[in-house]
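There are two complexes below, and they share chain A, which is joined by chain B in the first and by chain C in the second.
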Partner chain A sequence: MNAPTTPIAVIAESPHGFWDEAWRQFRKRRLAMLALFYVEFLILVAILAPLIAGTKPIVCRYKGTLYFPAMGYYVPSWENPVFAKDKFRRVYPKNLKEKDPESWAVWPLLYQDPYRRVRDGEWEGQPGNPTGDSGKPSRYNLFGTNQSGVDVFAQMVHGTMVALLVGFVSEGIAAAIGITLGAVAGYFGGWIDSLISRLIEVVMCVPSLVLILALIAILDKVTIWHMMGIIGITGWTGIARLTRAEFLRLREAEFVTGARAIGVGHVSVIFRYILPNALAPILVPITFGIASAILIESSLSFLGFGAPPPNPSWGTLLSDGRRNLNLWWLTFFPGLAVFFAVLAYNLIGEGLHEATDPRLREAMR
Partner chain B sequence: MVERPVVQLRLPPSLWAILFALVASQPWLAGCGPATTPTESTTTQGPDATPSSTPPTGGATGSSETTKSTPAAASAEPASEELVPYDPPPLAELDAKAGWIDQTVGDSLAMWKAELAQTKPICTVEEALSLENDSNEKNAKILSALGRQPASDSEVDYDATFNRHFGRDVKSTNPIMISATEEFDVAGLMGFGLFGADWRFNPMASKDTVVSWQTSADRMMDKVVMRKDCTWSDGKPITAHDVVFSFQTIMNPKVPVPAMRGGTDKLRWVHAYDDYTLVYFHKEALATNVWNLSFTVIPKHIYGESIKEDVTLQDSPTHVKYENEPVSGGPYVLSKRVRGQEIVMTRRDDWYIVNGQQVRDKPYFKEIRFRVITDPNTALLALKTGELDEMMLLPEMWQTQTSGEEFYKYATKAHGPEWTSFHFAWNTKSPFFSDLRVRQAMAYLFDYDEMLGKLFHGLYRQSAGPFPSDAWWAPKPYPEPFKRNIDKAEELLDAAGWVDDDGDGVREKVIDGKPTKFEFSIICPSAPERVQLCTLLKECLDQVGIVCNVKPLEGTVLIQKLMDKDFQAAFGGWGTGSDPDTSENLWKTGEPRNYSSFSNPEVDELFAAGRREFDREKRAVVYGRIHNLVFEAQPYTWLYTRNSFYAFSKQLRGYAFSPRGPYNYGPGLSAIYKVKK
Partner chain C sequence: MTTYLVRRVLLGLVTLTLITFLIYGLIRSMPGDPVAIFAGSEDPSKKIKQEDLDRMRASYGLDKPWYQAYFLWVGNVAQGDLGRSISRKQPVTRLIAERIGPTLLLSITSLTLTYILSIPLGLYASVRSGKADERISSTLLFVLYSFPAFVAALFLQIEFAVRNDWLPLFGMVSDNYASLSFGGKVWDIARHAILPVVCSTYGSLAYYSRFIRATMQETLRQDYIRTARAKGVAPGRVLAVHAFRNTLIPLVTLLGLMLPAVLSGSVILEQIFSWPGMGRLFFEAISERDYPTIMGLALMFSILTLAGQLLADVLYAVVDPRISYQ
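And now, the complex of A and B:
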C-alpha cells in the first residue's frame, strides 16, 4: 500500500520551480524566518510611525469637518492649513478644545513628537519632557529623552523609515547599476569587459564617505535622498563583479547557445535567459549591502553629517549619546535597534544563501 | 622683601581678545563635543573670533585697515606693504616740542591686591572647599574665599608645580609666531613685553620692565624708558634694540607672522635713542593707539643674523634649535618639550634676582607644566585623579560630570561671565530679511526661555546688542532684550507682506512678480549645541508657517559662505576686544566680516569719531549710540552671552574671572598660587 504513495509525492513535488524550492528551504530556517518577520515588523512600524508616536491627531472632527493632521508627518503640506489659519501653532490638544468645544480626535498611542520637546501642560496630566541629563526612561518617555528634551522613543519610531529607506533605496540603485553593468561585461566579454572591469576598479577606489562630505558642502539643501543616491552609486561594484562572474559561466551554457541559435536578441538573452539563473548568488550580497547601508547612514549621522537636523535617525541619537555616556539610554536603545536591523538583514542574507545554494543545502543535511 | 610673581602677560590686549575668542572657538572647549580636528571655526559664525581679528580659518580677505592676520591659519597673510623707513628727529628736539604727559607704569597684581583688600571674603576657605557649586550663591562664595591673595608668604608653596591643561599642542614657541591661545599662554610666560592691561582693560606699562612711559601732547608719539636690569635667559641684557628689531621683524613682509602684525601695523616707526630709550611713532592720533604699542619681543643677538638665512624663523637648523630651546625674556624658561604631550616651564631665578638683589617679585610656581590632552573626557579623568590642576569645562560637563565625591575629592569648580555673545545673523541683502519688520518678527518668535532655561540650564544670560552690558562702552540704560511674542511677530510678518495665501501652511510673498515661499536655510557649525539652537529656531518658525532648514557645515566652508555673503541666515558668535573700536569691522558698511551687510552711515561716522575722541566718558556715549542703532536695526537676533566654566584643584588659590576667563588679563595667571599641603 505504501509503495505507490512515494512516487506520487515525488511527482507532486517535482514541478516546483527553483524559487519555490528556495522559499521552501528558506522557511525551514527558523532564524532566517524570524529575521524576515522582524524586518516586516520594522516596515510596519515605519509606515505607521505617526500613529504610534506623534502630537498630531490621526483623525479629528473640527468645526464640523473631518481632518487628518497626522498626515503632516509624511509630507508637511498634507497637514490641513485650517489649523495654521486658526493659530494652532502646532499644539493640538488644548487648541482643539478651546476653539471648538464640540470637536473630538483620535490620538496616536503616545503623545510625543520626534522633532520637538513636549512642553508643560500640552497634554493634560503629562509633564513637559525633561532636558539635559535628567531625561531617564519613564512612563511618559519610554526610552528617555535626549539633551534637548526630545523623546527618544518617538525619534526611534520615526527614524525607522529613514533606516529602512536607506537600505532599500541605496541597495536598489546599487543593484540596478551593478547587475546591468556586470551582466553586460560578463555576457559580451572582450573589450567591453575590460572597460567595465576597469570602471569597477576606479569606482571601488572612491570613498563614499568623502563624496558625501563633499556633497554636503556643495548642495544647499541636503536630504537623505542625496545620501542614498551616493551610497548606491558607489556601492554597486561588488554586485557587478559577482554578476559578471555568473554571466561568464552561464553564457557558455547550452540553453544560451540554444536561445542564440533560434535568434533571440542580446537584451532578451541577458535579462530573460541568463539573469534569472544568475540571480540567486547576487541576492545574497544585496541583502548584506542593505545591512551595511544602514550602518553607513548611522555612522554618517553619528559623525554629524547624516539626515539634516532635526530629522530623527538612529545614528543621530547614538551621536547624542556619545557626548555624555551617563545618558546610557541614548546609546542603548538606538544601538540595539541598529544591531537588530543589521543582524536581521544578515540572517536573511545567510538564509537566502543557504536556501539557494544546493551545495550548502547538501552540507546542512 | 615682597615676594610675589608678576607673570604679567604683556601682549597686545587686542590680541588677547582674539585669543580669548579662540578658546571659545575650539569646538570641544566651546561645549560642542569632541572635535576631530581643531578647526577653530567649527563653533560659531565667524568662529568666535573677535571683532579685531579676521576669522581664524581662511580669512585672508580682511580689509587693509582692520586686518589682523589670521590667528590660527598656518600660513600667514602677507603684510600689505613694506615698512617705510623713517628717520626720526633727535631726541632733544622731540623732548622740546612733544609736551610729554606721564602715563601709568603699574603693577597689576599690586592693584588687584588693593582691589581685593576693599572687600571681605563672604565665607571661610574651609566652607568654600566643602561646597558643591550648584548655585550662583555658592559660586560667589567659592570665588570670594578661594580667590584671595595670600596673607603672608608662608602660605604659598613656592616649590609647587602648576599642571595646566592644553587641548592641543603649540605650533611654535617663538613669541612673535604665536597665533592660538596655547601659544599665547606659553609666550606669556617667557616673552618679554613692556605693556599690559588690568582686569578692566585699562592699559598700562609694566613696572617690571619699564621705568617711565610718556605720551606726547598731540598723541602721535610714545616714549618709554626701559629698566636696565632685564636679561635674556642666556645672560645678555634686554635692550631697546631688541624691541626695534622685533618691530621690524614683525613688519617684514617676508616673515610669516601669523597674528602679531595686527595693530603693530598701525605704528609708523619705533626708534631706539639709546640702549634703554624708545620712542614709538604713530600714523594717526587715535584713542586706540595705546593698544598698538604692545607686541612681543625677541632677542636680536639670536635672530639678527640667522633671519637673513631663514626668514621663516622656523626652518633652518639654528631656528629649529631655538624653537626647542627658546631664549626667554620672561619669568619662566622652557625646560622640557615633548611634542604632543607636554611643555614644562621652569621659574628663572635670574629674572627676579639680579646681582644678588631681588628686583622683581618671585613667581608663585616653580614649574608650570602644560599637559596636552586633546580629548576633554580624558582630561576630566586626569583632573579627577589630581593629575591636572585646572581645566576648562564644557557646559554639559559642568552640569553632569562634575558633581559628587569623585569630582570634589581633589577639585572644585567655578564660573564667571565671559564677553562672548552669540546670535542668529540675517543676511539683509536676501529677499527674506531685507525688511526690518521680518527681522523684528524673528526676534519676537524665538523661544528665549526654552533656550536659557532648558538648553542652558540657567547658566547663561540673554544678550541685547553688540556690546556686553557690563563694559564701560555699553549704552546706559542698556536696551531690554526681546521677549517672545508670537502675536506681535505674526502682525509684523503680515504687515511685511508674508501671508499664507494658497493654504499650504507656508507664508508667501510676491517678489519680482513671482510668489516666493518663506523657506530659508540657516547655516551653523556642525557642533551639537549649535545645531540644537538652530533646531529650536526651526521649531519656533514652523509654528507660524515659516520653513527653516538647518544646515550644519564644516568650519572652512562655513567661513567661506559667510565671507562671500552666500547665505540667508547663520548662527555665530563674537568675542570682545579690549576696545570697542575693534568692533568696527563688524558693523561698518562694506567690511568683509560685516556678514549681515548692515549699513548705516551714522554708525560708520560714529566709529570714526569714537577713535578720535580721547575722553572715556564721551567715547562711551558714542559707542552707546552705536549699540542702540545696531540693536534697533536687528541685523542679528542676539541670543546669549556665555560663561566660562573651570575646574580648579583644591590646592589652588587666587583665581578670578575676567571677561576673558581666569588667565588672560592682568594679573591673571600671576595671581594664582598653591597653598602648602
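And now, the complex of A and C:
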C-alpha cells in the first residue's frame, strides 16, 4: 500500500493488491481451504456448545417469564438465580414440569452435561450414563463416558472453546511481543538490536518447560487464562527473529527514507509503513504458532500442569484416558480432536506460506 | 575464523550467565522447599531435628537470598562441581551419567532412522514432483508431521500393549531382566524401545523429507543443473551428484541444531513410557524442587543449545566455501 510504485511497475503487476492475490492463491489450495472451513466449524461448535450438548434448556418459559438457562455454561452467573431459589438442583426437565405445568422449553440437541453424570430417569427414554469401565460409545453417549459417568462428547464439545481460545489468545500475546521487539530491534539496530537479540537468545535457550513450569508454579491458582499468558510469553522468539530480519531489510527501502524525510515519526514508520509490508512472512509462523500453542496446552494439561478441574480441556481428557488405557474411547476421540486442530492450523499456515511467497508461487505453476 | 570463534564463545558465556541467572531466580521463586519435600518423604518414625534441616538448607545455600546463592552455585560450577541432588543424595554429575545412556539409545536410534529413511523419501518426492503419487505421499507426510507425538504414543500403547499383548506398555527392561542371557537382555531392551523410538522418529522423518524436497526443488532450478542436463548427464546422476550434494548444506546445519534434542530427550515421551532418561529426570527434578539437579540439567541444555548453534554456523562455513567469517 505504501510501497513506491513507478508507473512501469503498475502496468507489469496485476491490478489486484497483494492480499487479493494472496487470497486468490490460497483459495486454489483445496486442503488449505478445507482446513479453513474446519477451523470455522470449530469456532461454530465452540460458540454453540451449550446448544449442542447440555442439560439446561436453551429457552424456557417458567411461571410466565422467559429464561435462557443454557447461558450458564458460558458464565455461571448468567443462569437466572430463580432456578437455584426454586431448588432445581441443576435438573431441569422434571422440575420444570412439576413446579409449573404450563412451562415449555427448547432443549439442546443432546441431553448430556460436560460436568456431571446424567442419571436414570432425568430425561424421558434415556437411561442414566454408565459408570466404571462400561461406558462404551453408544447412541446416548456418542463418544462414551468416563469412569464417573460423564459424557465424553459433551466434554469435548465444551472443550473446543478452550482449545480455540488457547490458540488465539496465547499466539496473539506472542505475536504482540514478538512483532514489537523484533520491529524495534530491526528498525533501530545498534545497541538496542544487540540487547534484544541477546534477550531472544536467552529465552530461546531456556528450556521452555522450565520456563513454563516455573511460571505455573509461581502462580497461586492457575486458570486457563494464566496458561494462555504463559504460553504466549514463552513463545514469541521465532516471530521476533523473523520480524527483526524483515525490518533489517525494509528499513533501507526508499519508501522508508521517503517517509522519514517528510517527517513521519518512528512509531508511525514502524507500524504504518514497514509492518504492513513485512506482515506476510510473519503471518506464517504465527499460524504455525497457533497449532503449537494448542499442542503445548494439551500436553501440559496431559502432564497434569493444566488448569484444575472443572476444565474440559482436551488435554485433561487425554490424561484421564492415560489412566484408563483399556477404555480406548477416552483417548481416541480427544486425541483425534487435538490432532485435527493442529493439522488444520498447520495446513492453513502451509497454504498461507505458498500463497504469499512469490518464489513458491512460481514453483506451483 | 579464530577471532570469530573467540568472539562467539565469549558472547556465549555472557548469554549462559544470563540464562542460568534467570533459571535460578525462577526455580527459587517456585513455592515448595526441597528440604521439606525430602523430609516428608523420609521414614516418618525418624523425626528429623530442626537443626539438621537448617544445616541441610545452609549446605545448599537455601538460607541465603537467591541472588547470593546463585553466585555460590556459579563458584562451584567453575570448579567443576555441579553439586549433589537434594532428593536423591547423589552427585548431579552421576545422576546425569546414569540417565544419559537410555536417552542416547532412543535419540541416536531415532536420528539414524530419520536420516536413513528421509533422504530416499525426499529424493523420491523431488523426482516425482507434481505427480499424483508424490502429492499423496507428501500430503500423508504432512499429516504425519502434524500428529502430536504424545497422542501417537497413547494410541500405540492402546493398540500394541493393551488390546494386544505384542509389546511392553512402558519401562526399559522387564522384571526378570537380571536373569536373562546377554542376547535376551538386548532383545528385551529392543522390545521396550520400539514404541518410544517410533514415536520420536515419525515426526522428524516427515519434517526432514519435506525439508529435503523443498531444498531439492530450490536447487533443481539453478543454472548449473540445467547445464548438467544440457551436456547430457543422466537424470539420476544429476539428482544424486549435482543436486543432492548441495542440499547437504542445510541438512548438516540442521544436525547442529538437533544436538540439544539428542541429549535432552523428550520429557513427555519419556514420561509416558516411563523411560529412565534425561527428560524424565528433568521432570522429576522439577516436581521435587531439586535445585541442583534442575540447574545442572538446565546448564547442560543451554550449553548444548549454544554449542549447537555455533556448530551449525561453523559447519555451514566448512561445507559451503562461499561463506567465511573473516
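Some notes on this structure:
Following the convention adopted for this analysis, the second predicted complex is superposed on the first by the 335 of 365 C-alpha atoms of A that agree within 3 Å, B and C clash if a C-alpha of one lies under 4 Å from a C-alpha of the other, contacts with A are read in each partner's own complex, and residues count from 1 in each chain.
One rule holds for everything that comes next: contacts are C-beta pairs under 8 Å (C-beta built on N, C-alpha and C of every residue); 3 or more make two chains touch, one makes a residue touch a chain.
Just so you know, these numbers come straight off a predicted model, no measurement behind them.
Of the two partner chains placed by superposition, only chain B is touched by A:310; chain C is not.
By the touch criterion stated above, A:117 is placed in contact with chain B alone, chain C being left untouched. In the superposition on chain A, contact is made by A:320 with chain B only, not with chain C. Once chain A of one complex is fitted onto chain A of the other, the partner contacts of A:266 are absent, as it touches neither chain B nor chain C. When the shared chain is aligned, chain B and chain C each come close enough to touch A:213. Judged by the touch definition given at the top, the superposed model places A:94 against neither chain B nor chain C.
By the touch criterion defined above, A:249 lies against neither chain B nor chain C after alignment on the C-alpha atoms of chain A. Judged by the touch definition given at the top, the superposed model places A:339 against chain C, while chain B stays out of reach. Contacts of A:27 after superposition: neither chain B nor chain C is touched. Common to the chain B-facing and chain C-facing surfaces of chain A are residues 213, 217, 322, 326. Against chain A, the residues of chain B that register as touching in their complex are 33, 396, 399-401, 450, 454-455, 457, 486, 490, 500, 503-506, 521, 526-528, 531-532, 534-536, 538-539, 542-545, 547, 549-554, 557. Contacts from chain A toward chain C in the complex involve residues 31, 198, 201-202, 204-207, 209-211, 213-215, 217-218, 291, 295, 298-299, 302-303, 318, 321-322, 325-326, 328, 331-332, 335, 338-339, 342-343, 346-347, 350, 363.
Across the complex, chain B is touched by residues 76-77, 79, 81, 84-85, 87, 89-90, 115-117, 131-133, 147-149, 213, 216-217, 220-222, 304-305, 308-310, 319-320, 322-324, 326 of chain A. Across the interface of their complex, chain A is touched by residues 14-15, 18-19, 22-23, 26-27, 29-32, 139, 142-143, 145-148, 150-151, 154-155, 157-158, 161-163, 169, 217, 221, 264, 267-268, 271-272, 282-283, 286, 294, 298, 301-302, 305-306 of chain C.
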